[in-house]
Amino acid sequence: MTTSLPLAPELHVQTWFNTDHPLLLGGLRNRVVVLVAFQVLCPKSVAHGIPQALRIFETFAPDDVTVLGLHTTFEHHDAFNPSMLKAFIQEYRLKFPIGLDQPNPASPIPYTMDRYKMRGTPSLILIDKRGLIRKHSFGAVDDLRIGAEVGALTQESPARAQSSAA
Amino acid sequence: MTTSLPLAPELHVQTWFNTDHPLLLGGLRNRVVVLVAFQVLCPKSVAHGIPQALRIFETFAPDDVTVLGLHTTFEHHDAFNPSMLKAFIQEYRLKFPIGLDQPNPASPIPYTMDRYKMRGTPSLILIDKRGLIRKHSFGAVDDLRIGAEVGALTQESPARAQSSAA
Amino acid sequence: MTTSLPLAPELHVQTWFNTDHPLLLGGLRNRVVVLVAFQVLCPKSVAHGIPQALRIFETFAPDDVTVLGLHTTFEHHDAFNPSMLKAFIQEYRLKFPIGLDQPNPASPIPYTMDRYKMRGTPSLILIDKRGLIRKHSFGAVDDLRIGAEVGALTQESPARAQSSAA
Amino acid sequence: MTTSLPLAPELHVQTWFNTDHPLLLGGLRNRVVVLVAFQVLCPKSVAHGIPQALRIFETFAPDDVTVLGLHTTFEHHDAFNPSMLKAFIQEYRLKFPIGLDQPNPASPIPYTMDRYKMRGTPSLILIDKRGLIRKHSFGAVDDLRIGAEVGALTQESPARAQSSAA
């Protein structure tokens, strides 16, 4: 590796929605991945994170950019159940794949949130065609800026990417 | 009664939040009551109904206008639990009293929603100082119009109101 | 007069648009008047003041509430001409009467702005059925609050108003 | 030329603001140029075009992306004067270079608007590092999409661009 950018940790998901089969980042090389972490009871996730994820999903071609939702939270565990996420996905008409972060019996922080050291929700993580983390932000992000960053990542050639990461 | 306006049915609430004691409309005569029915998994409730209820709560003097939330739904019963509503109230920093509609074991429609014949959420009901329903709307309502209607109701004198309702 | 509320100074208008005849506040007693002062080159007038004036105009019955625009400015006099206001009214599809404040050859502040001691634009002035100023605000105003205030003023009976002002 | 993309016509500007010297597209090769055509009396220009131009100006590095405003209109010629544009630029705190389109004595359509065959304002034109038009849109444009398109254009290498255009 000639790069110091971190490889995106693999997702650890309990249940997937909107996909027939479990998704792994390892299977998404050569695509830009936009990972949007959210929580159904988090106001900024609902007002900003989820609508922006939908706009990203609708703006970019699926062959170029994969949008993944990750439902994750370090609190309100007694309030949450998977049926709630299922109803949320239906009500908000979300069509992109969404994974429910794997709870950790030994910690209030589920596995994927922990691996990514997320500060909370909403978090937005951009992963390039090589699987490297290029952006990791917490809170609301500007549409124009995120559009520019995703747009720029789609232009990176996988070949160049792979050789520079080799 | 010289009026044909309907008397607001009494609330039938399972659990109250943000109040030490159960509230009855019968105890709120001489105040304008804004009853906002919502559901935590309903996008329009979260984007419009709840923020507007908060604005109404912050705009009018509590001696003039009482804002009441009512969590109610005819669907997603397996997804819901009272802890979820408690967490929602905390996350959205709602300070006005909120009642959880009493479920009906014989129907998916809880008691208060049924009595008011609500079409769904968000619903907004204006109750005048005499306890009569003056507005019953479903969906997003314009701030300017609702402000005008509540403002006009606050000007009605209880004495005049009671004599005309006698 | 038993009230200390100020009587609204009469308008001093150079040119009227959207009305066949000049308007005087003295001819609008028994109606609530919403006077919206704006300037076509003022960002807050264009983003907030004018759209809100339009919403007020569309929300209230014309027999209850008269919306009046007043174009006024203490600066950019070399940039302005009446054709510009005419084009603005056409482009923004404003239908309520709009007066162009009478310039004062001896001062950069036109006559009506001076009489009302406006701080700038946008300014919103509420005048009750008796012709008294009930609100005088500078800058953006909340829709819910202005709706409440106008709605309350419409409920004042002219008879009561006149006797209390006598 | 192996490309069929049109070369952006040169600007024909009467007066420049926010720049010490006249700008020519020919002097901006190897940069992405975002040309935003607007008119101070056009509601969509003021509500969408100009704020978006400002956001683009603030989001991208000036070495990568040059934002240019072009004031142009085919109507309201009697309402307009250069002082009005100067005041507008000051009021809206615009910092990027803005040119006033050169009027054509023989037509209501000024020269640059005519050369670009613009349908009106706001119009947004993206010009790549080679000087070729890559987008020409009329009306409001989505922030996410325009961000993606500008971001992608910034990634094109001038060398590759020049050789493919040769």
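Just so it is clear, A, B, C and D label the chains in written order, and each chain counts residues from 1 on its own.
Here, a contact is a pair of C-beta atoms (placed from the backbone, for glycine too) under 8 Å apart; a residue touches a chain by one contact, two chains touch by 3 or more.
Quantities reported herein were computed from a predicted structural model and do not represent experimental measurements.
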item: Graph separation of chain B and chain D (steps between touching chains); value: 2
item: Chain separated most widely from chain B, comparing mean CA positions; value: D
item: Fitted rotation between chain A and its twin chain B in degrees, CA, nearest 5; value: 180
item: Whole-Å gap between the CA centroids of chain B and chain C; value: 35
item: Distance from chain C to chain A - Cα centre to Cα centre, in angstrom; value: 51
item: Numbers and ranges of chain B residues touching at least 2 other chains; value: none
item: Arrangement of touching chains [line / ring / star / complete / other]; value: ring
item: Full enumeration of touching chain pairs; value: A-B, A-D, B-C, C-D
item: For the chain D and chain A complex, residues of the former touching the latter; value: 52, 55-56, 59-60, 142-152, 154-156
item: Contacting residues of chain D [partner chain C, same complex]; value: 40-43, 46-47, 75-76, 78-81, 83-84, 86-88, 91-92
